[in-house]
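One structure, pasted below without further comment.
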Amino acid sequence: MIAPIIDLLLFFAITTPILGWLCEKIKRPYLCGIYTTIGLAIALWQVLLMKFPIKISQFSIDQLSGFMAITFLMLGIFASIFSMKYLERDTGIPLFYTLLILMIIGMIGAVFASDFFTFFVFWEMMCISSYTLVAFRKEKWEPIEASFKYLIMSSAGSASILFGMSLIYGMCGTLSFTEISRILTEPNIWVYIASIFVFIGLGVKSAIFPLHTWLPDAHSAAPSPISAMLSGVVVETGVYAICRIGFSIFSCIKWLEVIAILSIFTMFIGNLTPLLQTDIKRLLAYSTIAHIGYMLAGISTGTILGLTGALMHIFNHAIMKGLAFLCSGVILYQLETRDMREMLGVGRRMPITTTTLFISLFALSGMPPLNGFISELTIILASIEVNMIWLGICIIINSIISAAYYLRILKAFLQPITLENIKKVKEGPIIMLIPLVSLAILIIVFGIWPDGLMNYAKSAAYELLRGVM
Amino acid sequence: MMIPYPLLQVILVPIIVAFLSIFLGNLGKRLGWIAFATLTYTSLIMIKIGIDLWNGIGPYYEEYYWSTALFNIKFGFLADGLSLPVALIMNMICAACALYSIHYMEHRIEQLYGEERKGMYVVYFSIYLLFAVGLVGVALSTNLAQMYVFTELTLIPSYIMIDLFGYVDRHRIAMMYFIWNHIGAAMFLIGITLAYIGTGSFEVFALRNLIGNNFAIWVCFFILVGWLVKMAVFGFHVWLPWAHGEHPTSIAAIIATIVGLGNYVIVRLLYGELFSVFKIFSIPLLIIAIITMIYGGFLSIAQDDMKRLYACSTISQTAYSILGIATLTVMGVVGGIFYFLSHILGKCVLFSVAGIVLCQTGIRDMRKLGGLARKMPLTATLCILGSMVLSAFPPLSGFQGEWIMFVGVFKEAGSFMGLIVALVAIFATFLTVIYTFWPVIRVFFGPLPSELENVKEAPLTMTLPLFMLMFISFILGIYPESLVALITPVIKAMTP
Amino acid sequence: MIDLAPWLCWIMPTIGSIVHYLLPKRIGRKRYIVTISFTFIAFIMAITMLPLLPIHGYKEIGGIWLSLPDGNYVEFAILIDNLSIILTNLVAFLSLLILIYSYKYMEGEPGEDRYWFFMSLFVGGMLILILANNLIFFFIGWKIVGLCSFALISHYYSDERKYWIGGPEPYPFQKPSRCGLKALFVTTLGDVALLASIIIIYLYSGTFSFMKLYENVNIWMSEIAKTPGLLTITILLFLCGPFSKSAQFPFHEWLPEAMSGPTPVSALIHAATMVKAGVYLVARVLPIFYFGTWILGIKEAYNFFLIVAIIGGFTAFLAATQAMVAIELKKVLAYSTMSVIGYMMLGLGIAGISSETLIEGFTSSIFHLINHGIFKAALFLCAGVLIHASGSIYITDMKLSPKTMKFTWIFMWISSLALIGIPPLSGFWSKEGILSSCYISGQYWIFILSVLTVAVTSFYVIRLMGITFHSPNENNSNKHHEHGEASKIMLIPYGILAILTVIIGIVGPWIKDLLHEFFAKEFYDIHLLEFHTLSIAHESIIPTILSIIMIVIGGFPAYYVYIANKLSSISIIERYGILKAFHKFLWNRWYIDSAFNKIFAYPILASREPVAKYIEAGMDYGLNIGIPKLFEFINNNIRKLQTGILSINMIYIMIFAVFLMFIFIIFGVM
Amino acid sequence: MNIYIMFSLVLYAIGIYCLVTKRNMIRLLLGIEILINAANFNFIAFSRNISGFIDLLPLSVVTISIGIAASVTAVAIVILVYAYRHYGTLDVRELRRLRG
């Protein structure tokens, strides 16, 4: 008995291969997907019913953890629905779903953890399953290369976290977040050193410049639902960890300024690099880096408003980027290319996919009245509120630059059809379109009625800042 | 008769119809009539409100909660003497262009898409309705965030329109258009956020509280520059000839309206609420307006492409309104708004004429055109009428706007230098006559080239709505009181 | 009823302009009779106003039209006083006759519907202009007539070869559409200036109404005069309007080319009415500046009269000399129109240039306006007939014989002699008035110039008639055309006009006295003359004698060469080099047109290429291509960070650690 | 005390050095192991932080982290095998097709 939700998910993770074996017997591999979806849906239901805060063994579940868990599970559901069709040509589908659930367990555990080591264990769980998922299509060279780089960098980062953790343990004699934050009130040189190690680790995972180099490879090489998960939530787990660890452990040192500076670098790199990118998934992966920059900017304000913005942006970005990757997945599924030069005019043939992609891209570039606008606006406001106008202006400049490459995608999609193979392309299967349309509706809904989300994120931000204030 | 939630209806009805029309794809180009009917309905609602305002039944105000969690943003609509005429005329232009686009888009879609026609009508007309929502929304907003939302709401549809239905090199130009306008909007956003930090509210009326704050000047600066980018003043104007030159002509008027909308926003936000800060920008704004007027004029004269010419003239014409507003006198501002409204009426007609010529002959280059007046007399008449509006010939509305505005300009010009500036400005209007009437001669007069022998007059669905617009302009021209009496009290109340 | 009359007077033709579009097409040309009938109603209405003469003071009928944001308002009202009643009658009368004439003349011409629309609208606009009680309302009429003029000049917009004017062959031709455009540009330039001055005046006076301007002149004009130079600027700007509309130097170049329109258009717009609008405006505001100059003693207001007089005198001479060499029938008449309007301007200028000549100058100027409207309309209508009959626009090619068209010949001679100012035709009385008041005022330079002009006028008019009707090789005339008499519908209008010329000539002094009395009353009513005892200027016989001598001096050579055909004009010119140079100078219109083209038109046209190619393309390249290029460059370089080599990625981790340390040192530890 | 930390830091540095310079994939894995072991060593060293008392937490941490390291290595070796199949080499510098 670890925690009810994690137990539940573990149960599903373990039973999936068995079910999968059965399914393969009856040649209905998609039943696995349905099973997983049901499992995730039950878990989501459980999380939504939770009364915070809850303390179970090594977990303390507060509003913030709940918020993150909802994000993970929600996107996980869409990804698993999407995978049902998407992976029909692949083998080892039960394994895929197991790994998917394990990855979600890892993330949920990491956000539920009340002490550093529990956090680390689940973190590694998430990492290992994501390495495997990236390399899921092992018969191609690209996922293998990406996965290997991802593995090496991420493991080095994890090792750094562990090293930093050991230093903190050496100072405090405990690993519980609350205990550490009680003990570490005065900064000393070791805290700084420890923070450097920890931030290296977290930075690799959350793709802060210049540690982002693995991200475009891994996110573009992974199967599209996994790209959606990686970009949508896995990276954000890193952001969450920065918040959590930063505000509880390193509250005594001035890490916010560091994050502010890094966020600017990160968003500029994330937006300038993909300007001429032709690989659609790689482009989206870069844009994830940029959005990490926005979130970090929100965090770096250190205020309720900024954190609310950052948390909202985590949620919104999960929806938006998830949708974008799923759309690219549909196109990849139908067209079997990721090169934008080979999908000129595909929008004519796949109107629903294109429309949803439009919605997600406009949301990503911060156009109102879609949800990306609300969270970016909050972050900008927060940064201006704490007299970091340059940060707000940087975000706005970046949103303009980013519009350029999002528009390149749209431009490619709206071109007249010239290529032969595109003329034959049809709209994706309905089971793939369900997640797309529902995510698109969520984007619009959370754009027009952001209140519920905002309230939730605000209370989560309170939760986070309680220790500091 | 009381209409329930009149202003909300004006916004919501087109949106709902836009969504519904996705399912009415079978109607094909007849969707245009639905769009027209919808916009006529909203126009009628606004006319009713306008009559109420005329009779002194106070400004209409409606308020809905949007977001209360963090910012307490209210979704408010205010129809007072200033915003209502602006919204109404913009809506009418949208309605007229909806009718106009039926034939035009048939031609254009045929040309571009051939067999997959029906879907494109749905795309066009459902997106089209969002223009009206965006434009009217900006005019009626009481809230800065809401205003920004509506501003961007006009941008996305126009981007898609240009990209889907534009002319040569349309993809690049659509992108260019989007980015330039996005830059403008982003500047506006910075201004908004600064204002929010200063006042703690997004309400337009709360901007007042900024006065005395250090932020105020920056708020003013960013909002102003943002809208100046959108209004294509000299230096920022480079996107406009392209965007205007290459987009489908049926939305040209709307884009001209988007360009001019900045005048309204500047009056509403900066003149109205931040007068004492806005004063600082008066002189630079005057100078840049005059530079833009003259440069835009010469640029227009230099064009040989019909659509591009009218595009360049928008640069110059919008600067007139800026000039009027920059004088900071009641007369100047009233005249500026009046001129803006009459300009968009006239520009709508002129662009549509260019569209008709393009649609019927397939030629845009004025060097290859000529003598069309014999083949298409109604179009030629419209072109002359539109030119009359622009070059301020009575009895159309351009004249009334222009002289009222120039009274303001001369009033502002206290010193001798000021007088010179005002004179330069008024003589710059002379260029208008050159760049509006010369094209008339080049396109419609002179001998008819032999390859144009078979040109036919455009169908009535194209010309009639334009005549309707000219009729509005005529009404405003012979009875300017109808507009001035509505605007003046609001502007007067704004001016300290 | 009498309140309604002036309103109907301008509304009826305005409405009439669209009536024939509403009537069914099948009734054919009878539709235009309806259009004419609307003008006829206007004429009747104008006549009903005649009994009001002499009116005491003035009458304003109308209401508030537009309340301005600054508390003032613009009225939508009619002003009735002696001046406006007289001019209304003149315009309505001439318009009616010319419209009747053109019913026949325009038969079978292209674009007739358009023609009638603009003619009728023009009449409406002209009447608005005359009846308006304030400057804005006036300006609306002013712009409408300008627009109608543009449309009618370019009536033959297709620019067929036969409608070109200018030439003949070695010399350049002008196309109608271009001529219209030129007229529009020149007049608009004047309009803009006029609008500027109206606004300046408004800012100081707070009103647009003529009568309020009269009443408050002592307040606002002295207010303007406080800023040195401002009043002069205002006057200059103000006069640009009348000068451009009335084709006075330096805005005169559009009028000769305006002759590319149909002949009734030239008759109505470019001879009889619209070009008089400028004179009317000057006359309308003259009391204001007179008051300013002579009663308030503002020095700068005097410039008004000085400029008007000098420009008027100069234009009279300039245009008359150009008419000496012109060989296009309508152009000769156009030059003469400019010249005569110059006289009117001169008269008005003289009216204020000395305090004694006010009424004399004013009256004779208005009288001249009336006379000129009548006889010039007659001349133009005759010219139309001649052009139709001969099929040529050049007098040298016409070779008509007086025998075949006797009535036209007679009427044309009567009108021509009136134009020269032969007593006792109408032109004589008004012209003498102007000359004598000029003489009295003591502006001898202008007087000499204007007297010289009399000789020149006499020369070119006789030359015109001589070449047209009395050319020697009459027998080898072109036989393609029958030299028949014009149809009655055309003949009667100019017959009436010519006869009227004679009648006015006979009763000339009486009419002049009548006008004298009217305007004296009017000036009395607006307090101009309270301060002055009306000094009836000492009549002088000198100007009359001089002008008659001058007529003879000018007329005799012309008669000798062109009517008696004793000498060949070509051989004279060939013989004397100086005359040849002179001829060339005049033929090229003193090179003013080409100078203006070089100064204004060509630079604007020349600016097209640099503006489009260098400035705009440069900015376009810089911003629309350059910025993306810049980003492309940045992108290409920044992409190199993503090496794809794992070792370098690990180095980034080290860099990151160092970077963090660095920042911590900067921010935190110290 | 300090000497342990110094040692573990050196060990960490060696690990990073290994990751940076080595071309062989297996050596990179060894580098990762070295990094983790550095941290583990630190934990063990700190476990007797309070004199006369050995905290059991670090011991359990180290045990689990060794397990995690092992599983990471296992996954890594699987990927490495596939990489060898695709690229025919274990030189990590050859894995540079993904860039830009």
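Letters A, B, C and D mark the chains in the order given here, with residues in each chain numbered from 1 onward.
Note that in this section a residue touches a chain if its C-beta (ideal position, glycine included) is under 8 Å from a C-beta of that chain, and two chains touch if they have at least 3 such contacts.
As the structure is a prediction and not an experimental result, all values here were calculated from the model.
Comparing chain pairs C-D and A-C, the larger number of C-beta contacts belongs to A-C.
Relative to the centroid of all protein Cα atoms, the closest per-chain Cα centroid is that of B. Centres computed as Cα averages put subunit B at a distance of 64 Å from subunit D. Here the CA centre of subunit C is 97 Å from the CA centre of subunit D. In this assembly, the C-alpha centroid of subunit A lies 77 Å from the C-alpha centroid of subunit C. For this pair, subunit B with subunit C, the centres built from the Cα atoms lie 36 Å apart. Within subunit C, residues 639, 642-644, 646, 650, 653 each touch two or more of the remaining chains.
Among all residues of subunit D, those that touch two or more other chains are 16, 19, 28, 92, 95, 97-98, 100. Shown for subunit A are the residues in touch with two or more other chains, namely 148-149, 152, 156, 216-217, 404. Pairs of chains meeting the touch criterion: A-B, A-C, A-D, B-C, C-D.
Across the interface of their complex, subunit A is touched by residues 628, 631-632, 634-636, 638-639, 641-644, 646, 648-650, 652-653, 655-657, 660-661, 663-664, 667-669 of subunit C.
On the side of subunit B, the complex with subunit C involves touching residues 176, 235, 238-239, 241-242, 295, 298-299, 301-303, 330-331, 334, 371, 373-374, 384, 388, 391, 393-395, 399-400, 403-404, 406-407, 410-411, 416, 419, 422-423, 426-427, 429-430, 433-434, 437-438, 441, 444-448, 479-481, 484-485, 488, 491-492. Here subunit A touches subunit B in the complex through residues 305, 308, 348, 351, 358, 362, 365, 367-369, 373-374, 377-378, 380-381, 384-385, 389, 392-393, 396-397, 399-400, 403-404, 407-408, 410-411, 414-416, 449-451, 454-455, 458, going by the rule given at the top. Only residues 65-70, 136, 139-140, 143-144, 146-147, 150-151, 154, 157-160, 175, 177-178, 180-181, 184-185, 188-189, 192-193, 195-196, 198-200, 202-203, 227, 229-230, 233, 237, 604, 607-609, 611-612, 615-616, 619-620, 623-624 of subunit C touch subunit B when the two sit together in their complex. The residues of subunit A lying in touch with subunit C in their complex are 148-149, 152-153, 156-157, 187, 189, 192, 195-196, 199-200, 203-204, 208, 210-211, 213-214, 216-217, 253-254, 257-258, 261, 269, 272-273, 275-276, 401, 404.
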